[in-house]
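In structure tokens below, several structures.
Look at the two complexes coming up: chain A is in both, with chain B in one and chain C in the other.
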Partner chain A sequence: MLTATFVLVEAAPGTAADLLAEERPLPPEARARLEAAFGLDRPPLARYGAWIAAAARGDLGWSTSRGRPVSQVLGAALPATLLLAGCGLTVQLVLGLSLGTLHVWRPRGGVDHVASVAGLTVASVPTFWLGLMAILALAYRLPLFPPSSSHSIGAEAWSPAARALDAVWHAALPGAVLGVGAAAALARYVRAGLLRALGEGFVRAAKARGVPPGTLVVRHALRATLPPIVTLTGISLPTLVSGSLVVEVVFGRPGMGRLAYDAVLARDLPVVLGTVLAGTVLVVAGTLAADLGLAWADPRARAAVAGGG
Partner chain B sequence: MAVVALGCGRSDAPGNPAPAAGQGAPQRGGTLVVGAITDADAWNEYVSQQTTAINLLRRIYLRLAQEQGDTKDHPPSFQPLLANTWSFGGDGLTLTFRLRGGAWSDGTPITANDVRFTWKAQTSPEVAWPGASSKERIKDVRAVDATTVEFVFDRAYPEMLADAVEGGIVPEHVFGKVPFKDWRTHDWSTAGIGSGPFLLSSWKPGEEIALVRNPRYLDPVRPYVDGVVVRVVPDMGNLQTQLLSGSVDLIDGVSPADAKRLDGARGASLIPYDNPMFDYIGWNGAKPPFDDPAVRRALTLAIDREAVVDDLLFGYGRVSAGPLLSSWWPADATLKPWPYDPQEAERILTQKGYGRDHPLKLELMSNAGNRLREAVAVKVQEQLAKVGVAATPRTVEMRALREASASGRYDAYIGGWRFSGKLDLKSIFGSGSLPPGGSNVVAYRSPETDRLIGALGTATDWRGAKSAYAQIARQLHSDQPYTFLYEAERLVAIGPRVRGAVVDVPADPFARLERIWLAR
Partner chain C sequence: MRGPARWGAVLIGAWAIAAVLAPVLPLRDPSAQPDGLVLRTLPPLARAWEVRLPDGTRRYAHEVRRAEDGRATMRRGASWSELPDGAQTHRRTFVLGTDLLGRDLLSRLVWGARASLLAGGLAALVALILGTAVGLTAGIAGGWTDAVLMRITDGALSVPRLFLLVLLSALFRPSLPLAVLAIGGTSWMVAARLVRGEVLALSERPFVQAARSAGARPLRLAALHVLPAIATLVAVEASLRFGQSVLLEGSLSFLGLGVPPPTPTWGGLIADGRDRLLDAWWIAFWPGAALAGVVVATQWIADGVQGDIVIWPREERT
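Entry: the complex of A and B
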């Protein structure tokens, strides 16, 4: 993965030194000095080998576009993205499960149709447009949320609790924008799962025992649909992180998506490689979290793990 | 350069602001919030590449003197900053500055040794400062005593003072602890020192830059605001919404298309200022028929550049006559841009064997993301079609465009040149600056232009240089290696509580940051 990224960035035209030359006349000797300063006068293989050797020692290199070690740059971006993804995930789960349940309240009834159309519409809307509309409606016309950034000016001087609340307040609107599209897809998934579960024997038996309809859906049918939802959610975690790029740009928030995007534009190769490495770790962590969640939600999976199968 | 002010009159003495009538007395306090679409990259002027960082660094590390915007009729005058006075020696080769005797923000005196150290850094190959060519004629910088420093040049020329003061002076006792070879891999955001009105307080990459007032700023009139926060939001639409909602006070780089909507909306206003830059169409001089000056002139005659300025710049700009910006003293006011004359263009092209049945076909490239140039390409396509030229606009990523133009695989492209301090005509039009190393990507070769550029290098005073510049401009006007399109103005938008905003230094909207105050 890292080798492919390195080759792709190397194959693209231009170098980081071109950033300086862009639209400013630069004497040839000044360009040569710059390329030497960026280490671009060495062969690509030598540079890649040096990066791999340093990365193995925990040194991910220097970011030319952010003037800091790559590990620091990643360390600053990751929490912001995780908070955003956390908010997005919360919105996705709460909204997706609620809408999915609403769908089966009266299958093929008015509510089901309206929720279907609304869900499909939201899922079809581009995230950047949804973000801009959210800013216009909820940060400008009705100023309930901040329009950008991850914290208020001067928040550094506040108490930890106030800072945490401030961070969540800033992440709420972009998180909702990030999660709402995924929620529409999840609602369709939940709807299908619930409709299938409601036809199962154990649900019909519960209904025959006189279990009220609400309890029947939430406690019996919904629980049966949880395992695939947990898997879906775990797998979607890396997608939420990478999908945060557009939201991070529109809302002016720091984060992994924007970092990777800026680094590609700036030809900041160490940061590009660092974000790929971090993304790979997130995919593995997301898959592991999905497996653990599945073991918690599905006794059969737990038994299989315990039994070594 | 035009002096453009809003909310406050111009004052030549530093830190002595004179409020305009009706604005009331300046008020102290508050935090100015600036919106920017790009972040800083490094907090050292000599390794930074980003305009945002460099403009802010100029408010942290002062120069010996500050170039003013009065460049229309003569070379710019300079306002004292770290230096109080300066004078040339009898031989015309030494320039002596006397420092004001201020202190760095940590209390250490600012001395001539700091100036000498800065010159060493500026000229160090390990630092590789892109502006190092401004120091190439300075042979030595000597600390005569603690507050007297002498620059020794190898010959006299018009821009000696401008070259000597180029670049902020950095403190040797802090910056000297880092070897030059490590400057590009050092985190300068933690230096926590400066000589200017503001100091860097914190930097959250990709999000926020915070400046605070320097308590030891050498000028007795302190900045009005307590601090400046730069909010980095890469989306201009979001920034403009924030300006209108009052979350942001100032945005630089508003597009002309958005200007009408913003000006006057919710108390916002605009400050247009001259940007030392021109856009052009570069014709591939190494490829027929663009190697023929007559064909290039015909193409220029077929492009209605007034219409481009009116329709696409919304009047915020002017048609360009050549590479010498009209607001700079080297420009020759008698040299007029080629007119829009499609009949004459068609006549020349017919003479060269082109016509409706045998059209001249060309591909016109522009860099992706520059919406103005993309629109210009479409408009030029439409105009060239009227004289039977089939132009196909093609948008490519900036560095792909650079590579295509440097390798000669193109017909024409829309580009721009930005100048800082001096016009480096040799790099863009000299036959010794051809690709791959040089910037003369249109492969323009003219022995006469080379000779004139050489003569420019020997001029010892600005009047002699102006005459040489005028001859070069006429030669380029005749040869048209470029179709010089326009000089676009840049726009700063300010919110309703901002007072005292002024842009009177070329291309630096933050140059008078300390004069801005916030109405309550």
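Entry: the complex of A and C
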């Protein structure tokens, strides 16, 4: 994947030196000095080899547009994206689980019907548009949330607790926009899983023992539907990372998505490669976490892992 | 087809017909800016006076008054001016309002459907052909071919797609063919996995085994025996993929990296209205609603084709 990315950037017209020169005619010796400084005078294959070797050591190169090491630039952007993705994931899980359970309360009734139509609609709305409308409704018309940025002005001087609260407050609305679509899909699965589980023997046995309905749904049926939900959450991770790009652009938040977008416009090859790499690492790490979560949620999977499977 | 699926088909069909017929429909020119003063950011259903002067030129006015002697005056902004004899005046309604440059949003929405639906449709086609080919090859060939193809598919699935798309669109000059190839080339993985799974399930079935033992070559097996059996699956994926591709193209155009202006696209229209959300919400609202409508319709159609209601786990939302 990284190889493909590198080849594409190489194939594109123009280099960082062209961009720095900004269309002005550049004396050949100045241009040569620039290209030598960025290593652009070496053949592509040599540069690719050097990049891979350095990346393995944690050195992702030098950002041509920001004049800082790529790892520093990425490191500065990562926390904001992690916070955003975390908020998105929380919204997705909480909303998905509670809506799915609500569905089952009155299957095929009015609430069920309205909620599933609303869910389908929300899942189909483009994220960037949902973001704009959320800003309009919940940041301007009804000023509950800040419309943009990742922290309040002057927040640097606050106590750590106040700063953290401020950061979450700023991430809440973009996080909700990021997670709500996936929540609707999740709710469908929770509903289907719950309906199936409620018909099964162990749930009926619990019911016969006199377990109250609420406990029955949450403790017994929901527990049995966890494995597919964990899997689905793992599948939705690339979406979450991709979505953060649009959400960060719409909400004007600093983060990896904004970084990738800005770097691509500045044709800053090392940063672009770095963000694609970091995004992929995030997704792979998340998928690994989902697999571990599956082992926790499903004793059968745990047995398979323990048995060397 | 059942209820919602039928409505979905009607909606998409209507958009397709409108998009094809846009040049002959009685719409205003989508890129004309006839009057920046009078027509700028008119809200939906707003009306303005169109004045046709005797020499054939067209002007717009906020207000037209006729005196009893038949002489007419018009108001543009705060200034009144007299109309020459023989000037015709009509009141025009702008159903969806106008944008910052006084362009008619209804005609921009319909014209925008052309680029958005074309790009989405072609991209979905590319993704389906690629995905079906990969899935069929992996499922029928098996062995290490299968293993290699599926590892590639898994690898492609774990890259956040929008990062890759943004990269592609910014590296090469954005254009409709690039958007189609980029979106199609990054959306084939779901189809590949679905088709491979179905092919593996089918290969145990008697009719496939019979064909194989009768000496059918892999290509013949794929084209004549397996492909017809997975047509429903492919149709469901086609419908969903179409919606997702339209959505992705919208995201790219919104970021300014999709089909380039001046061609109106739904994503581009939303970007136009982005900075004027507070005082002109309708500019961004209509194209977003249109996008959402098309995506909902594709879900309905997919549900109808498939027979029961399932939202597929969407591996990419943008």
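Going forward, the second predicted complex is superposed on the first by the 277 of 309 C-alpha atoms of A that agree within 3 Å, B and C clash if a C-alpha of one lies under 4 Å from a C-alpha of the other, contacts with A are read in each partner's own complex, and residues count from 1 in each chain.
Rule of thumb we're sticking to: a contact is a pair of C-beta atoms (placed from the backbone, for glycine too) under 8 Å apart; a residue touches a chain by one contact, two chains touch by 3 or more.
Predicted model only: the values in this text are computed from it and were never measured.
By the touch criterion stated above, A:287 is placed in contact with chain C alone, chain B being left untouched. In the superposition on chain A, contact is made by A:249 with both chain B and chain C. Contacts of A:235 after superposition on the shared chain: chain C is touched, whereas chain B is not.
Using the contact criterion defined above for the overlaid structures, shared-chain residue A:135 touches chain B and also reaches chain C.
In the overlay built on the shared chain, the residue A:195 is in contact with neither chain B nor chain C. Look at A:149: by the touch rule set out above, it reaches chain B but stays clear of chain C.
Shared interface residues of chain A (contacting chain B in one complex, chain C in the other): 12-13, 132, 135-136, 140, 249-250, 267. On the chain A side of its complex with chain B, the touching residues are 12-15, 18-28, 30-34, 36-38, 62, 64-69, 72-73, 76-77, 132, 135-136, 139-140, 143, 146-151, 153-154, 156, 249-255, 258-259, 262, 266-267. For chain A in complex with chain C, the residues that touch the partner chain are 1, 5, 8-9, 11-13, 116, 120-121, 123-129, 132-133, 135-136, 140, 181-182, 184-185, 188-189, 192, 232, 235-236, 238-239, 241-243, 245-246, 249-250, 257, 260-261, 264-265, 267, 272, 275-276, 279-280, 282-284, 287. Contact residues of chain C toward chain A in the complex are 155-164, 166-168, 170-172, 243, 247, 250-251, 254-255, 267, 270, 273-274, 277-278, 281, 284-285, 287-288, 291-292, 295-296, 299, 309-311, 313-318. Taken together, the chain B residues at the contact with chain A in this complex read 31, 33, 39-43, 47-49, 125-128, 130, 132-133, 184-185, 187-189, 202, 204-208, 229, 231-235, 237-239, 241-242, 244-245, 247, 277, 397-400, 402-404, 415-420, 424, 427-428, 433, 437-439.
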